[in-house]
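Before I ask anything, here is the structure I am working with.
As written, the chain order gives the labels A, B, C and D, with residue 1 at the start of each chain.
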Amino acid sequence: MIVNVGVVGATGYAGQELVDILLRHPQARLAGLYSTADEPRQFSSVFPRFAGRVELMLRKLDLKELADNCDCVFLALPHTTAMDAVPYLIRKKKTVIDLSADYRLASADVYKSAYHAAHKDKGNIKKAVYGLPELYRQKIGTAQLIANPGCYPTAAILALAPLVATDAVDTSSVIIDAKSGTTGAGKKAVLESLFSEVDEDFKAYKVNAHQHMPEIVQELSKLAGRKVPVCFVPHLLPLKRGILETIYVRLNKKVAFDTERILDLYRKFYKHEPFVRIRRNGEFPSLKDVSGTNFCDIGVQADRGSVIIISAIDNLLKGASGQAVQNMNIRYLFPETMGLV
Amino acid sequence: MIVNVGVVGATGYAGQELVDILLRHPQARLAGLYSTADEPRQFSSVFPRFAGRVELMLRKLDLKELADNCDCVFLALPHTTAMDAVPYLIRKKKTVIDLSADYRLASADVYKSAYHAAHKDKGNIKKAVYGLPELYRQKIGTAQLIANPGCYPTAAILALAPLVATDAVDTSSVIIDAKSGTTGAGKKAVLESLFSEVDEDFKAYKVNAHQHMPEIVQELSKLAGRKVPVCFVPHLLPLKRGILETIYVRLNKKVAFDTERILDLYRKFYKHEPFVRIRRNGEFPSLKDVSGTNFCDIGVQADRGSVIIISAIDNLLKGASGQAVQNMNIRYLFPETMGLV
Amino acid sequence: MIVNVGVVGATGYAGQELVDILLRHPQARLAGLYSTADEPRQFSSVFPRFAGRVELMLRKLDLKELADNCDCVFLALPHTTAMDAVPYLIRKKKTVIDLSADYRLASADVYKSAYHAAHKDKGNIKKAVYGLPELYRQKIGTAQLIANPGCYPTAAILALAPLVATDAVDTSSVIIDAKSGTTGAGKKAVLESLFSEVDEDFKAYKVNAHQHMPEIVQELSKLAGRKVPVCFVPHLLPLKRGILETIYVRLNKKVAFDTERILDLYRKFYKHEPFVRIRRNGEFPSLKDVSGTNFCDIGVQADRGSVIIISAIDNLLKGASGQAVQNMNIRYLFPETMGLV
Amino acid sequence: MIVNVGVVGATGYAGQELVDILLRHPQARLAGLYSTADEPRQFSSVFPRFAGRVELMLRKLDLKELADNCDCVFLALPHTTAMDAVPYLIRKKKTVIDLSADYRLASADVYKSAYHAAHKDKGNIKKAVYGLPELYRQKIGTAQLIANPGCYPTAAILALAPLVATDAVDTSSVIIDAKSGTTGAGKKAVLESLFSEVDEDFKAYKVNAHQHMPEIVQELSKLAGRKVPVCFVPHLLPLKRGILETIYVRLNKKVAFDTERILDLYRKFYKHEPFVRIRRNGEFPSLKDVSGTNFCDIGVQADRGSVIIISAIDNLLKGASGQAVQNMNIRYLFPETMGLV
């Protein structure tokens, strides 16, 4: 079975990455590439990197045309705009994998306070499945609308899930010190993202105020069965791809796990996961271990009740487009790693 | 004697660099900082780097106020806009050091074709002295309007002057393969200057069509006493500061110079120059030798009539703000290196 | 048909890249990984990036074991050491793809002067086919020993071949201004390759004295039917992957080609080549167009008898491991692009 | 008064930086440059960057010659080797500013466990003053042996001192997530410091096991009047200069400070400090605010008993050579900022 796929927002970083993966995917056929461009243009003339590999035109989004040509639609649009396209596609029975934040949060109020915009499609929020395969594989398998997780949340939730799900951590103690490459900010012409500004620099931003916080809180809280607040400080790295999160938690007083015991817990929790790799005692991941791959690597160290967890992903792959294709694979019953290794 | 100086365009890269140099200059007093900002703002709140060092406000340019407060004005404005300010300042008898291209070219027609704008102040072009101290020190000493050279031209002209001025090169053979850091493009929010686009990339741009070509041609032609065309290919380096130019020329057939003979010529030509350093036979400059300094370093290698010359400067210092202060020092009879080493 | 392949020198940059490609190659089976390590170690524990993908051990090179396990051997060894392994493998009828320089030069004397070591296996030099598919595809198809081209020569020869082979250039005029990323220098712990030394720096090195010059001269001379000297200045870029060469030639006096005519020539010359892409008039390649791919992109501009040619490759792919696999594909009659797009 | 100064270890990154600062220092005269080099060499031929600025030779360390020529000696040697030179210099009544770790720790046992070497000069440990001017200015003023602080400890201690000294923090809660540029590792030819390894990568290292931890613990404990343990995770940034530390602490239960109150405390604590700048509420420092300067910038945010403190320094200036010259200024009664702004 070949799935006809469309990519909306194909000129952004996640969009280009989707095209790259889908070109190599044996069961997917790229059937449409869309952006905000008024005039149709050869995709490969906009991105010479794809010359000789893609013949498709880049067209202005036309929902009807999109629905006519594609079975599965990847929306790589800025948040607050994906929800303009979703209702029509859902009505047309398309499978929608939305890389924006629009359907990740169960509460429209939380959405509004995080993204400073009222939700315009509350009806479909309930239909959406949070597309983190390691937690929701079964639901993803039958979902029509998949809310692909944010990059920071992917690394954070996978890093914390085994401990939080087993009630081992003091849920008031979670500190996430996150560092991201620049593609995480998308392709927007703003002064602060210029090479001359970012190169040789490093800084924190949106300290304890990043829009991904409620998403992390929502998922950790579901795992814990009670509200799990987090302290979340994202930083901007002078490199293109990758997120590394250094996470600090305290164990519950009754829990006396040492590093080996925790690693054991993690290995079991992720035993059947093709894209989560637990590092050995004494080892931690670096970005280059995961850059260009769909893996999430995790290292752990515990000392007298305090635990340091370090997780690393490629923000454009496991943190966006790779995970989106992983979700497509699950949804269409393809081997989960198809096109991704 | 203390000179009251004003910096117009203080928020750009050259402007910030001027502020940095002038703060350490024992004979200059920063008397005004101007930009396009509507509301006056504390300069150090816009650039926290200067906190504790600069108390001045950043104000919207008001030519009268500027002229009232300052004796010497540095214009670090985009080309085609400096010429709006110059006529008034000249009338007010101010010393103007213009870092834009507006008064570098003797021909308004050449200016128009290079900068795609008609010159609005042709009368003052003749008054302007091309501010390359190594060639025009004496005229700079009495100039009221100094046209500070472009970054690429500074490195190219200094690299070629000794051979061209002595009629040693085949003037039809000049090839300049130039590489510049990103600050050379100024501080403009455009997609192609994003960190995510420039990092890990390298490319040529404006191949044989860069606006600095006529400036190089003009100065080399003056030195040669006849038209010297150049082939000029600029490239963009993934780093912030520095220009390195690899220059290829053939010697005139009658000239049989070897490397040592050419080095000797260069050493003599620049014997009394505080900011030109000639490298030893077998050695060539790298950007880090000059980055953060006002030096231009030059290395040479000759082989059977072909000569390779490599010159390196910091584009924001010897290629812009450092050279501008060097010109101020000459104009005000301060030691030429004051504030610059 | 599945080919059992061995990679010798699997810990270097080209070696790791070979492993990465061969893992995804449908007709190749990685049968052995070798390095200088005394103790066998899990390859994926040395390079956690490969965890979950490679189960093989990294072993100390044992030629007999290698020959027993593998049909096709990739030698990613430093030059002057590959020739220690080749004779045995040739005797054992193995197909050898040598990424070192040891069998690229037809003359042992030229080899000695370029690599400062006497050749120890002169007998096999004649057997070797220079592995540039665009020029020697047919011979590669039946070769037992393939001398995989150097990175700089690949970009230079592909850029110049159409003009040189048609006798269109003044062969005394060839200037190659080459810029390479740092992986080109291999993985050697030397001070000048430290991040703290290379970052934010740019410089020329081995000016007109690089060991790849004779290789370029050899191949251009074969194409021209007479000696073609080159002026070759390599530079080191502060980035990991990629080579971009800006090449300057003059046309023969009788040849009056303009840009379009030359582009036409190039398009025809490379008409059936899957990995050479000619850019449109007015466009030139940047590194990011080819980085991570096996393509060589070429742009051309001509002006009154002078031609600028810019070519770009990924030095680890088309400049090393990608081209090596392309050669394997040709040798084993696999589709030439297999595993490479 | 002019002080004759010697720099031992002048070829390392801190050593070069010292030379650079001291050349511009109006009261210091560079009297000797020493390294491990066997043959004397012109310093500026080893580092062409200094050509035209330094005439001195780089000589092999000869303690007698050093003592004869210099009043004040900067030791920029690897730890465990400075203590070979100190005893002689102390006997000769020289002022010694030691940039190594050898005299920072009051306990020789702690030193041994941190640096894996027995201390060879226990007698002088007591004489040493910890050279953090903001805490020990008075003692530095009369010290003969100044133990210049480590780079990580400088940023950490300055960030925490106001809260720790006023008993406001739960001293069991200190988490320091530190990020450093590559020059912090010194100039050593090791594979893991190659550009090809570090570029585009980011990782933690020596997790909770870095040799600077005991130094931080020692100083915080002195301020608190009781043992203050820290959780300390250093990371390596792909950039050359700068340290940024994101620090997480909980306030004591009885302390109900909000952000403004804490900022007020910090402003008062550092009121007279020329090199500590407290950021406004809502602002945090980035590396570029301090890179190339001797400043330590600090931002704070508090939320329900949890406090985030971010501090930034240039590791080679306030974290090493700049602070060393600041100490010299204090010791010799020069204006504290002389040569440093």
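Here is the rule we go by: a residue touches a chain if its C-beta (ideal position, glycine included) is under 8 Å from a C-beta of that chain, and two chains touch if they have at least 3 such contacts.
Keep in mind that this is a model prediction, so the values were computed, not measured.
Trainee: Based on CA centres, what chain would you say lies at the far end from chain A?
Mentor: B
Trainee: Between A-C and B-C, name the chain pair that shares the greater number of C-beta pairs in contact.
Mentor: B-C
Trainee: Between chain C and chain D, what is the gap in Å from one C-alpha centre to the other?
Mentor: Each chain reduced to its C-alpha mean, chain C and chain D end up 46 Å apart.
Trainee: How many Å are there between the centre of chain A and the centre of chain C, using C-alpha atoms for each centre?
Mentor: 37
Trainee: Based only on mean CA positions, could you tell me how far chain B sits from chain C in angstrom?
Mentor: That gives a centre separation of 40 Å.
Trainee: Which residues belonging to chain C are in contact with no fewer than two other chains?
Mentor: Residue numbers touching two or more other chains: 197, 199-200, 238-240, 285, 288.
Trainee: Would you mind writing out the residues of chain C in touch with chain D in their complex?
Mentor: Those residues of chain C that touch chain D are 13, 182-183, 185, 187, 189-191, 193-200, 238-240.
Trainee: For the complex, which residues does chain C have touching chain A?
Mentor: 23-24, 48-49, 51-53, 199-200, 274, 277, 279, 283, 285, 288-290, 292-293, 295, 297, 341
Trainee: Okay, in this complex, where on chain A does chain D touch?
Mentor: Touch list, chain A to chain D: 175, 177, 179, 197, 199-204, 207-208, 231, 233, 235, 237-242, 244, 246, 248, 284-288, 291, 301, 303, 306, 308, 310.
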